[in-house]
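The structures considered in this document are given below.
Shared between the two complexes below is subunit A, which has subunit B as its partner in the first and subunit C in the second.
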Partner chain A sequence: MKKNSKTRYIVLLSLLILVVVAAISLPRLFKSEKRALSGESRQSGGIDLSEYPTLESFERAERDDIISSYSDTMPVYGNWKSYTMKDGLPSDKCYTVRIDGDRVLVGTHDGLAVLEKGKWRTYTTEDGLAHNGVVSIDVSALTGDVWLATLGGLNRWSGGKFETFTQFNSGMPNDLVYNVFCYGKDIWVATGGGAGVYDTNKKDWKIFTEMNAPMHEPWTYALTAGDGKVWIAAWGGGVIEYNMQTEQFRDYVDPDGFMEIDLLPDDGLIHDITTATAYSDSILWVSTYFGMSRYDGKNWNGYFDHDSGLAGNFINFVRAEGPVVFVCSDKGLSSFNGKTWITYKKNDEKPDGKALVYRGARVVKEIPLTPSISHNYVIGVDAEDDVLWVATSSGVSRGERIN
Partner chain B sequence: MKRFFLVVIISGLVFLLTGQLSSAQSVPGNYGNIPDSLMAYDKYQKAYKYHFIEPTPFLGAGREKKEPVDLTEVRIGFLGPLEGSIIRPLGEQMMQGAILAIEEANKRGGYKGMPFKLMIHNDVGLWGAAANELVKMDDEGVWAWIGTIDDTNSHVAIRAALKLEIPNINPANPDPTFTETNIPWVLRNIPDDRQSSYSLVKYMTVEKGYKRIAMMRANNRYGRVGVLHFNRSATRLGFPPVIEERFNDTETDFTSQLERIKRTSPDAILIWGNARESGLIVKQIRELGMNVPICGSDRMVNPEFLEAAGKYAEGVVMTCQYNPTANDPKLKKFQADYRKRFSMESDAFSAHAYDAINMIILAINKAGLNRALILDVLTDYKTFKDWKGVTGEVIFDATYNNIRPIFMAKVINGKIEFSPAPKFEKENVIYRKASRN
Partner chain C sequence: MRKVLNWNNMKKIYKKLLISAGIIAVFILIVLSPFHGWARGHVNYITATEDHPLNCFSCHLYNQKTGFIPKLINADYYSPYNLAISGKGDELYIVAEESGELLVADTRKGKVTRKIKVGDKPHSVTCDKNGDFAFVSNQWSDFVSVIDLEKYSVVREIKTGNGPAGLALSPDEKYLYVVNSYSNDVSLINLENGKEWKRFSAGNNPSGIGMNPAKTSLFVTSRRALLAPYGDPVECELTEIEEAGKRIAGRMDIKSVYMLENIEFTPAGDLALIPMIRPKNLIPSIQVEGGFIMTNGITIIEQKENGRTIQLLLDEPNSYYADPFDIAITPDGKRAFVSHAGVDQISAIDLDSLRSFINSHTTEELEYYSNHLGTSCHFVIRRIPTGANPKGMAVSPDGSKLYVAEHLEDRIGVINTGSLETEGSIDLGGPRRITVARKGRRLLNNSKGTFQNQYTCFTCHPEGHEDGLVYNMASKDMGRNLANTQSLRDISETAPYKWNGKNHTIYKQDGLRFSTVLTRNEPFSYEELDALVAYIVTGIPYPPNLVYNRTGELNAMQLRGKALYERTIDKMGNEIPEKQRCITCHPPPYFTNRKFEDVGSLIASDDSMLFDTPHLNNIYASPPYLHHGLALSLEEIWTVYAHKDTHGRVNDLTKIELNELMEYLKSLGDPEFYRDEEKILRAKANPR
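Here is the complex of A and B:
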């Protein structure tokens, strides 16, 4: 009897330990499976992807990625405040905006503007910029260095000093750098003379053109990276995907092969004239001057202004944060999570505007915004936590989440 | 009485409507003059979306900018192959046409007494250098620019033009995809290779009945994109080209390609390349004993082609974007002035460059010194509706591409004679154009 009671005690204790161990390990197991499914596995073949953070992935890890929770409820931004030359910007023509911790970096036609502690400061060629026209900005998640794509070269802004990379002093593909993207130690650039990647450890460039990649011509306009792959918006050549593990390329083009039509709505990339790529949550977003495409690794979806909440088909830039993509068009800013569209438009000749909530192409709600974004011609965007910054043809605007 | 008022009101409305429509340029037919029978997939499947039905205007800021007060000259940019390129002679013709237009405008008083100045840039051609020249133009403060000829350099440059927001008229690059980029800052006043391809397909397959067409094209973007619509269109009509051979610029011996072509027993041969190589190809076709008809692209309408082909040029049929022998006093004056100024004959590149600069000057005089406003004038479909340059009229489609009728050019008795190019008849219009007011 005593022996039976001891055995029962041991069995119960074992069961309890099993339950505790399962309670601890199963969620971890599911989490790692989920990460693997979503392509966030840290190990991909011979490459340790933990060494390739981007600013977005870094922010997500550090701050638990508030925007990721918006997969069902889309954030709506309001309380807009706009800044122009009157507020201290060197130019009203703002090409790009990047949030870098407590400061905001704005690339304008006439210099780099930095908002820090409520004050704008401008940097120009006199401070060491390669050119005053700053068209793209990224920040290295590894080093905190700021990389600036200008109309006349690439700058690394580190420790208060600007280092300039040009075609002739470093072997970069071309001095007009349309886009820069930091991926771990690698700095990727898109130029009219091809795409390039600068290995900050080895301090050398690799260049990709029609000679060594499936491009008809070496025109590249933008790029993004994630999960060991790089996607290059190759202007008339669709999207070029580079696999860092295999060092192989593949291209995605409009399957109908004609510039003047889109034959079927979801048959592939909607047009070969691509203007930007963005990658997040295992989704690739591609913008064109004809609409936008979404690729989940298996299926393509196309979006136009007549069949979705897209503000306009002429899209200058896209940036994805978690499940949400922000789309910069010539007719306003749109955001989309695969289900719901929110489109921001400023009213003509007035400071106010609205946010339009769409399901498909149907407006389900109109939210008046006073004031609104500074201009409907949107060229750049960046989001972090509950704040959204928008670079436009006439100033830069800051919005806060209002829902 | 009621009926009277009704008639008056309806008549008034009709008058207003027709007046409104006639004040804008009407754009008939499909995009790019695509013949109905050659619309992509149309026999089998209507497209989900047709692009280029409506123009894409520039919607950004900039129109509010005041005209500068401290200028001493009004700068207009030029981008062309002036050194380090085998098409340098074409670039020089283009530049000279532009110079002549600038000089004439300055004799008329310039802009508010300020002289126009052409800011000349070489497009070089390697590693996207054309884009860097556009940045220099922006730094120089040009108000608009013309150029260039090479397809690749033109594409590279217009992306920079979009970023920098500088209006461009291209007077020389026939690549159809150039304006199909949808960039609102870009226009083209020279008809493109779509127009040449449709005319050649109509002439070769429908009018002449050639069924087995061999193609010999330059191994570069000009050749590849140039024959694209010919290839697709001939195929759609049931006559896919039997062979497509390629040659490199500066190549002189084409025997191996032509022997392969000969083995296909073609009814006719189409050549798409620069004047010199095309002339040598024609010569070697005949020397190989092939007496088939030969057709070719507009770059063969050039004395260099006649010189290289010699007596074998006889009977060759080409396309040309304008009629240089037209009995037009404006054209005759331009040709005489050009001959006097540069001691040589003008060509398609100089004539279209002359027109392009004059269009820009007209737009500047109307809009003032503001890039966005200059673009608005160039793309308003009204200012140039009744305007006629030395090369003819300007009919912009929704991509601001000139789709006016082109010409066929045939070598007869050693001289090139011109006639209107054949057109496909209209069946039904798939692209329904909205009227532009």
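Here is the complex of A and C:
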């Protein structure tokens, strides 16, 4: 009998707590949902719409308020506009995007697309491209020359003219060029046959493969450089750090060596199969097909979709701008500054989507976006000032900062 | 006053006695039979003729490169190449290419007042607006000399790319643009710290640079055509740099031309004018009389939106004006002057007539006229004779005088731009006597040996090197056996000559056959031939290999490449057959064994033949490669044209190792560096 009365007491207490919590939170939830959904409900909510000439301006003001409350200094992008073949792209499959002053360069499966003065123009092998599959683009800050990594060689696009480097006509390691990165006078490439660096002054190449660097195999996917060092994402070999002054290598690999799991959190790189590196503000970001790592020169941190705001563990590319890293995954685009995550996802079969603001793995806010990025399979990204461009497997999207 | 008989005077007397005795001894030997018979045979063999005068000096005196005799018989000239004039017009700054000096001449007194030592082979000079500083590019030293014009001394040397040539100051004079003619780029120098800030890639062998009057753009000209397989049209790049952003703004490929040495804008800014040569290398050289090897003229670029690029010849139906080099325009924009280094003349152009001509014709008509020998009479108003090999020019600030660097005359010509007459000259004070080699140099740079002065040896061998083109020579098998032009640098010990090695001496190469096949004119006289050979043998050295082998010490990568070059065992542990080792056919010091080989490079248009093994010194500077010029880079020799190990054993190499081998090849420089290696190799081959 005593046992039954004790159980009854616990149940009653639980019900009481539930009622109290519901009484506090439900009106808020209804309120925010209504505010986000329709102007009519907003009116009924007692907000004076006369301040806002349009529904969109009201939404923007509301969103700014939400974003500034939840995202710290993290930029949030909205007002997305997407471009596909219907708008003039040669292909919907967009591998990479680069902002170059007043123009935007998009590497697609069928050529280089350039948006200038509101119009798209396509360049292909007929114009001098080494291959129509343009997978990486970088612009030399020194000369303004555009460097294009293609699936059949490397191009320098300068003054409207394409110059081609291949494994046959130069010392370049391999024609399958996955990534290009300009660092001063040096042009670094990650290729299927090793990493390489072209000295534009001396006009010669150096190659790094498993023969002369601590790589598992010559297959390299991406690289980045900063503070006199280069970090090469080497397939199966983790990250290879190359010190340009000492010409010495150092490799970072997954300490637990497990391919399936990250046994000890934050013990080092999360996986040896790396897909990209990005370096900014003295932080190295490394993407893999199994999550992302952050290295501050002393400590490693690992991030997965189950314990962070990462959209997906299968990461194609990362780019860091200041304190923020943009992460391109198969399930959307994420951005992160070490504290707050913002993940952009498109809703299935609909043009709209959302930006999810995370603290850790917890969603603290969901910001509806109409429209959203063009596809969740994100392959490339570039940010400059208040604009973000995203290359996806189904078009390229431009977002504006809204906070 | 008693003459002092010191050691120097004694030396001179001994020298004279020695030479006199030598001459008498040789003379006696020649006239004595049977030595005469042997000498006749010997000379016949060398010259490939039977009537060349029996003169031992031709070869055994004038062709000596080192030692006491060359010092005695040769002379040190100034060879003015380019020049600039001060803002007041009172001083000329003259680049003396051969002596490595900047000469300052007083234009009123008409004489040189200062000589300032600069680097090796200076090319160009420019001055700031206030006349405080002059900047001199040193093509063989890879730096710019900054000269304080108050103290007349070098105050700074600024490192550049390889082969600095044309110069231009930014409008604010905070930056200096330096055209690097050998490394094919342009250095932007920050004059505040004297360091290179950035480097722009340019065309092939860029040379001149000019800023438009609006000061918004700089244009860089190129001498060599862009590398392309034989059959593709010849195109030469004009590179545009946006001054404000200091970035590349455009690259214009100008069709059918090369040797775009310099550029000048009209003061109104409506036209840019560039001296040019239109080579006809893609068609057999049989119709020389129709201008079918070279024509000479100017490229005109209209400076407006959708402006046309026009090419007009300065040649005439029966007279060509070879090797146009520099262009100068009077401040009133009325007259332009083009120096023709190959005919020792200046063309004076009436710019209003030129404008009228191009404005009254459609683009299609002008395209037709680009090959027409009869248009120059519409705008060329005078041909003004000069001293030997006129190069750079400068117009006085008031526009009344044109100063011309008479390169091989050691003189500055002064032309009245009104009367178009030469009114005087400034003698630079060089040696009065013209040595045999100097005479040969003049011949090599002059077109009088070719049909109606169409071109010079220099045209296809600029600076004694090669022009990077592949020619379809007229021969018995028309259209077959294409020939990639070969360099003339230091070739005396690399016989035989031609790709097929049919000419065993330079005498044969440049003698009678030369006039039959190429010049279509009277052959050089024997005296001229002697002089030409003397210059080729003694006067065309290699520029220092400053990019890949500055000190002669190889870096680690080059050393690994050298080991591959000299290896005898392949990576599978098998001995490499001797014929497949690089070192076998390409031993130092010239990196040729001077023997014939087949390296699998024959193409369908070639007769079945073996090729003379080419020498490899400064090979980095000689693209394209192989006899047909189809290998556009060193790598392509093996990756494209010898992938079956027909040109040495390379297929076992990784890409890294192939790059190491390339780095070693690029490091090869002046043959003198390799004399010791040659001795070691010889000792190995002959242990006794």
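Just so it is clear, the second predicted complex is superposed on the first by the 331 of 403 C-alpha atoms of A that agree within 3 Å, B and C clash if a C-alpha of one lies under 4 Å from a C-alpha of the other, contacts with A are read in each partner's own complex, and residues count from 1 in each chain.
FYI, a contact is a pair of C-beta atoms (placed from the backbone, for glycine too) under 8 Å apart; a residue touches a chain by one contact, two chains touch by 3 or more.
For clarity, every value in this text was computed on a predicted model and none was experimentally measured.
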Partner chain(s) touched by A:Asn212 [first = subunit B, second = subunit C, both, neither]: second
Touching partner for A:Ile261 - first (subunit B), second (subunit C), both, neither: first
Touched partner set for A:Asp145, first subunit B, second subunit C, both or neither: second
First (subunit B), second (subunit C), both or neither touched by A:Tyr377: first
Which of subunit B and subunit C A:Gly193 touches, first, second, both or neither: both
Subunit B versus subunit C as contact partner of A:Pro173, first or second or both or neither: both
Touched partner set for A:Asp296, first subunit B, second subunit C, both or neither: neither
Greater residue coverage of subunit A in the superposed arrangement, subunit B or subunit C: B
On subunit A, the residue positions that both subunit B and subunit C contact, one per complex: 167, 173-174, 193-194
Subunit A residues within the subunit B interface of the complex: 92-93, 95, 131, 133, 135, 151-152, 167, 173-176, 178, 191-194, 216-219, 221, 235-236, 256, 258-265, 271, 273, 289-291, 304, 306, 312, 314, 330-331, 375-377, 392-394
List of subunit C residues in touch with subunit A within their complex: 161, 183-185, 198-201, 237, 239-240, 245, 247-251, 253, 547-548, 557, 632-633, 635-636, 639-640, 654-656, 658-659, 662-663, 666
List of subunit A residues in touch with subunit C within their complex: 142-145, 156, 158-161, 163, 167-171, 173-174, 185, 193-194, 200-207, 209, 211-212
In the complex with subunit A, residue positions of subunit B that touch it: 31-32, 34, 40-41, 45, 47-52, 56, 58-62, 127-132, 134-135, 138, 152, 155-156, 159-160, 163-165, 176-177, 180-184, 221
